[in-house]
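Common to both upcoming complexes is chain A, partnered first by chain B, then by chain C.
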Partner chain A sequence: MKPAPFSYERPRDLDAALSMLAASTGSAKIIAGGQSLGPMLNLRLVQPELIVDISGLAELKRAEVSGGELVLGALVTHADIEDGRTADVTRGAMRAVAANIAYRAVRNRGTIGGSLSHADPAADWVSALAALGARVTLRSLTGARTMAIQAFVVGALESALRAGEIVEAVHVPTRTVSSHWGYAKSCRKTGEFAHAIGAVLVDPAAASARVVIGAIDTTPIVVTDAAELFGGRIAADYKQRFDVSVADALLTKAGIDDAAQRHIHVSVLKRAVLEAAA
Partner chain B sequence: MTMIALHVNRRAVELSAEPRTSLADFVRERLDLTGTHLGCEHGVCGACTVLLDGVPARSCITYAVACEGADVTTIEGLDADEVTTELRAAFTREHALQCGYCTPGMLVSARDLVLRLPDADERRIRVGLSGNLCRCTGYVGIVRAVQSVIEARRARNIAPQADGGRTHLGPAGSGRATSSREELQRARQALAPASESATPGRIPDFTPATVLDQRFTLPHPPAKVFAMFDDIAAIAACLPGVSLTAPPRPERVEGSIRVRLGPIAAAFEGAARIERDPATLAGRIVGIGTDQRSHSATQGEIRYRLVPLEGGAATAVELSIGYTLTGMLAQFGRPGLVRDLARRLIAEFAGNLDRHMSGAPSRSAAELSFWSIASDVLRARLARMFGRVFTGKGSAE
Partner chain C sequence: MKEGADLRNEREFPSGSSGQGVGARLPRKEDDRLMRGRGQYVADIRLAGLHDVAFVRSPLAHARIRGIHVPEHHRGSVFTAADLVGIKPIRAVSGLPGFKISEQPVLATGKVRQVGELVAMCLAPTRAEAEDIAASVTLDLEELPAITDMLKAREPGSALVHEHWGDNVFLETNYEVDISAAFDAPIKVTREISTARQCMSPLEGRGVVATFDRRLDQLTLHSAAQMPHITRSGLAECLDMEEGRIRVISPDVGGGFGHKGILLPEEVCLSWLTMQRGHPVRWIEDRREHLVASSNCREHHYKITLYADRDGTLRGIDCEATVDSGAYSSYPFSACLEAAQVASILPGPYKMPAYRCRTFSVATNKCPILPYRGVARTGVCFALELMLDLVAAEAGLEPGEVRLRNLVLPEQMPFDNITRKHFDSGDYPEAMRRALAAIDIDSIRVRQREGEADGRRIGVGISIYCEQAAHGTSVYAGWGIPMVPGHEQASARLTPDGGLELRVGVHSHGQGLETTLAQVAHEMLGIDVAKIRIILGDTAMTPYSTGTWGSRSMVMAGGAVATACRELGERARRIGAKLLQHDPAAVVLQNGEVRGVNGSVSLKAIAHTWYRRPQDLPADVDPGGLEVTQGYKPVRDSGTFSYAAHAALVAVDPDLGEVEILDYVIVEDGGVLVNPLVVDGQIYGGLAQGIGTALYEEMPFDASGQPLATTLADYLLPGPTEVPAARLDHMETPSPYTQFGVKGIGEGGAIAPPAAIANAVNDALRPLGVEMMQSPITPHRVVAAVLAARAAERSAA
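What follows is the complex of A and B.
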């Protein structure tokens, strides 16, 4: 249970980190809080030659509201969000998600950027941020690009990160006052990775809804125009109109063959809808 | 190997380690702080939970090298912590442990819950402890213990602190390190190695874990004995294993004490504070010391009271000796054997005192040990034997 030997560098700033990453030709791993990479190193599932520790970089620890969105540096921890050390533009949605990630000792080090980079389909931010309509900025020595969360996670532990690129920031849009938020997950044991996640952002006043079915062993199902899940239109009575058969069909289409698994996912999504409507 | 400089239990530490060394292995193997336990080694079981910059973190999936400049507090560093002291009492009362393997991590997480939770809600406590696995006691006693401490503190109007006192963004333990290339130089300049801080500046009061009461009598009047107790150099000379490292002042003394119990040997170096009350012929010596070899620390206290005997011609010295051991030696959980050692130590001290006060030279007793006692016995036997031989010869001539 000890990692294979690796070299370790602590770059002085983000540019130095990117240079180290670029020079390593793929044998380096970035570490921040290490709450996902640490276990994999200890289990020797990952044996990088070089670990580049970015946990001290102040430029990735910012949290500011600008232009109607919250910009969170990659190093903001789950506990930072849970405790409200960062501004909240989601009217409590992100705080509640953060508070139920793993355990407090993990949340004190685990970062939002690290969680996304790890791209575990069962991770909370992958689903929750997709439902909130968040975007992510990736930076390399050649520049930066920004994309939607659902485009960033391309498969199980597979992200859109190219060699030499790291997650720099997460952009979370301000949640409208009229919107409802529901988030539910099923874990065999409290704090363990979820076996099913449902996240819904419904705005009956704007007749819009974003729905995410997550933790399905691959990139989550993100429905940005979810009217069909609510009988064709989204209104104040969306709770009654929620159509489990449409959700079931989405899961079948995503390749979930096991009816029991689909039942769990649909039930968890229904819990999220009920929470939003409560 | 990389040089790592950080603070562990408020002590500056600078040691080299491989980058792959976890913080848990670092404190256990390099600092002998074996109270931090390793269970799963991949962040699930919680046995290795320590405080990193004051908040709980997994030391098995946090690498020591990533903690450059951080404040680490292991279970050993929580001995005097107020909340942990209350939790220990509650764990004892509620039978919240059996084998104790999960307990160090459990206490660190429980302490965090006590600080943060607004009330003793059972569900929130259970969720809060879900990252600490216990495989033998079950959680009923643990949850009750945590509940009782939260209830008691809230009843005393101690407000919860929802953020656990953290104000910085980013991973706990990060942020005070410089980049790898500047690190070595800076660490060498800024921090003195731990071994140089043997003598503590301030000697705090403490509640001893073990208290032994002893009594002996001296054939000298109380006032004379009390005056003798003020002669620190003389008293030290009478104490087996004690030597002074600096000239004593009336209120403070620095020195070392060597003790040996079977194969266990320790030399505690430290300082003591001296208090005297002539009105009641009583006094107190409070000391603190560390043993470099075993990385153990002790706090000790000797309270004495002189009671006149035989109309003031003799004195009963009533001693109350309290001590708390931490570190490797604390794992030797046999207070009975320590009590026996103390009894022998005091008997020898009393003998030396009496000889000194009667004007006889004190025996040199550099170290109290089984061997010195055995050799005493041997010497006495040899003396008797030779005595008999000589006497026999004498009587034959």
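What follows is the complex of A and C.
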């Protein structure tokens, strides 16, 4: 379990990193915390010719609130968020999610940008940030583009990143005071990847709800206007109105044929709803 | 010791007030080294000129090899079966009638029969470079149908793992006593029960460093192995070398559990390679190789019927058991030990008037199955104890009541059961009663009626077993496998400064033998355990032994150490008497001194005189000196029977399928415990592995024979948060047959948890009409069963 040979570069600024990626004629991989890429390299599941280590890029470690949103540089670690070293606009939602990602050792090194780039459907940020309505900025030598998380994760281990592009920052909108947040997951054991994730952001005052069913075999099911899951309207009684059959139908539509799997997903989502309403 | 000789339960040499002898909760001596990261494992060995090996392994479960293509520039660094001239395949033959022989070539020839089978060996200065070479080798394979389902493999017309056999059955056995007498029983319960294929998961994997010493004309193989002497015998056979030309050194070993109890093809390959190349070579098993290629365990299937009376009295068991033995018979335990053991131990600790068991050891395109901690007992206990709960449900009785009605009673001990197992001693019902009281079954029943506020369902489960350990000559001679344990030997040497060196052929891979054997020696000689060194794991330094397996080391090596120390003490006593100018009959050895009426002389002074001032010895002193090798066998070699009752309280979430262990109680009896602290550790470790079997560990295969859990992200092991703080209660019934009355205890912790936990889950879910009869009990299996039960209820309504 040793990686195939590769070249290694550790640029000092973002432009240098982007130039290296642009100049790379063959396959290149970006490494930050290495918590997913490391094992994949060792198992030779990926055999890049070049590894660009971005862990020295100070501009990707920034975290600041601006224009009503939190902008987190791609190199912010899960532990940074867990420990409150970054500002929070989600009223504790992100901090709670971060605290339950894998193990502390993973959280110390693993980064939010890396987690999104890896696009594992079972990763917490993929579901949680979609529910929070976050967006991601991608940068290359030729410019930058921004898109919603659910547009960025296009399949299992598949993101919208193009060659030469890097996740620069994550933009998290400020959570309203009137909103309710619920996040639940089921893991076989502490620290393992979840086999079901449910995330809900409900604002009864605004009659809006975002719902995510994650850790399915493909991209999470993101329902940005989730009234259908609550009998057609979002109101204070949304807990009672939560309709498991609609959730079940969404999962069937997403190709999950196994009834027990669907039942676990729906049950986890129901927990998230109950947590939000608690 | 001969049959009929005096039993030796009494402590002949009291350890006095030192608190270091038999029974002392002494912290482990070896932990100072191991816990500071100063252990020396195979992967820590550095030799000049060391090169690394990586293997090309079969990517297919079953295929004919049409060609192996090595790039031109790597020729000379890649070796295949064609290069290994004169190397014999590994053969582990059982003498049981009808056993079919498999030959495992150390590098594949003709066919590959499992994913991960060794095809070519690649040599380079580093492992990474060796893996690069391995990646450049291409195999031309003609895929054959994979045999992955042991039950289908038994059917006529199945594809064959070993064509010349004509079927896929290593061995079929039949055992029957009066089964027809049970047929009129009013209660008859039949089920199919299965345990998943698992991987033994020591922290340290296998590893080999091989080198050849030209001066000694000797191959030295460093290997992470439980049984270095057996490894040497097996190597000598495969390499066609004299045993004296081979030295096997097994340094610190990070857990064994059975995984390190076989001769590996890698050991043979690297031995050949170092002799060809003239420099040291190394292979360190990585976790993927460990999970996929080396060995698996535990895959059993039972079709079982229990017969009982209305009051819960068992009338008989009728069973057909199948074990997936994998592609090859492993050396030395063979492919049939597991299934044959099922037949001999299925009646458990119970009185059983009628019994029939048919077993099949089936060859499949999977890696070989090995006896894992508890061997067949974990599966047997799972099958039998789940069935006993069903009998209890049928009879309308508490599960504990059914056990108490059928357990062998203390006044019946020693007891010969229906499969002629000789239970040496113990009070099985008392263990069960204590477990029921400790888990507080009455309060749990009240709580169950009240229900849980969080919507989960709670359940209580119990299980009990007895475990034959330290199997002796008479037991193993019957299996007819390459290894039969005889007298266990130990060497004891008093050093000139009064210290003690003990050489034993068993090995310690977490068992704490460097401490516990020193305690035994201290008990006999009174020497401070700090001055007692235990030398293990080296065929050049230790007496021959079958090694450490089957919970035998304390019974056998402990007995041998005591015997050798007794003789050493006797010689020292006679020298001491002369130095004290006493009649030998008038002096005693006590607390490290020889004492007479006019004074005493220390063992240290006696040793100093013998080695350094022989001029002070009388002319007629015993020339035998202060170095002794003695052999030991218990008075009866049919094995000790330790036993334990386990009780689990669980909470099950029927919607998520999650199982949480709320409380866990173990009442065990391992006879006289040399070090109860070490035994506690053994039991906690076994419990963790038992929880793994119950809830987490599974190596699934797809239809083409691909193993699907190839990393620890897919093969789940319980961690600290999944293992509850169990409550332990020790009973202490001495074995009448062993030194100090000790019994083997090392494996026991891993035997009963799957049954206790499954019974608890079933107790929780029975009102929903759910029954879990398969390990591990995963969330998906629980939810699927709950949904199926709901659907059945709806269709019935």
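FYI, the second predicted complex is superposed on the first by the 277 of 278 C-alpha atoms of A that agree within 3 Å, B and C clash if a C-alpha of one lies under 4 Å from a C-alpha of the other, contacts with A are read in each partner's own complex, and residues count from 1 in each chain.
Everything below uses one rule, namely that a contact is a pair of C-beta atoms (placed from the backbone, for glycine too) under 8 Å apart; a residue touches a chain by one contact, two chains touch by 3 or more.
None of these values were measured; they are calculated from a predicted model.
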Checklist entry - If you stack the two complexes on chain A, which partner ends up touching A:268: first (chain B), second (chain C), both, or neither? => result second
Checklist entry - Which partner does A:259 reach: the first (chain B), the second (chain C), both, or neither? => result second
Next on the checklist: Under the stated touch criterion, which partner chain does A:140 make contact with: chain B (first), chain C (second), both, or neither?
Outcome noted: neither
Checklist entry - Does chain B (first) or chain C (second) touch A:208, or do both, or does neither? => result neither
Checklist entry - Looking at the overlay, what does A:41 touch: chain B (first), chain C (second), both, or neither? => result first
Checklist entry - When the two structures are laid over each other on chain A, which of chain B and chain C touches more residues of chain A? => result B
Item to check | Touching partner for A:224 - first (chain B), second (chain C), both, neither | outcome: neither
Next on the checklist: According to the stated criteria, A:19 is in contact with first (chain B), second (chain C), both, or neither; which is it?
Outcome noted: neither
Checklist entry - Which partner does A:191 contact after superposing on A: first (chain B), second (chain C), both, neither? => result both
Checklist entry - If you stack the two complexes on chain A, which partner ends up touching A:174: first (chain B), second (chain C), both, or neither? => result neither
Next on the checklist: Output the chain A positions appearing in both contact lists, the one against chain B and the one against chain C.
Outcome noted: 1-5, 39, 43, 189-191
Next on the checklist: With touch defined as at the start, can you tell me which chain A residues reach chain C in the complex?
Outcome noted: 1-5, 39, 43-44, 186, 188-193, 195-196, 258-261, 263-264, 267-268
Next on the checklist: Quick check: in the complex, which residue numbers of chain B touch chain A?
Outcome noted: 2, 18-20, 22, 25, 40-44, 46, 49, 52, 55-58, 60-63, 65-66, 68, 109, 112, 126-128, 130-132, 162-164, 166-183
Item to check | chain B-facing residues of chain A, complex | outcome: 1-12, 16, 31-35, 38-39, 41-43, 51, 53, 55-56, 58, 60-63, 73, 75-77, 79-80, 83-86, 102-106, 108-111, 189-191
Next on the checklist: Could you list, by residue number, the parts of chain C that touch chain A in their complex?
Outcome noted: 126-128, 131-132, 135, 286-288, 655-658, 696, 711, 713, 716, 718-719, 721-722, 778-780, 783-784, 787
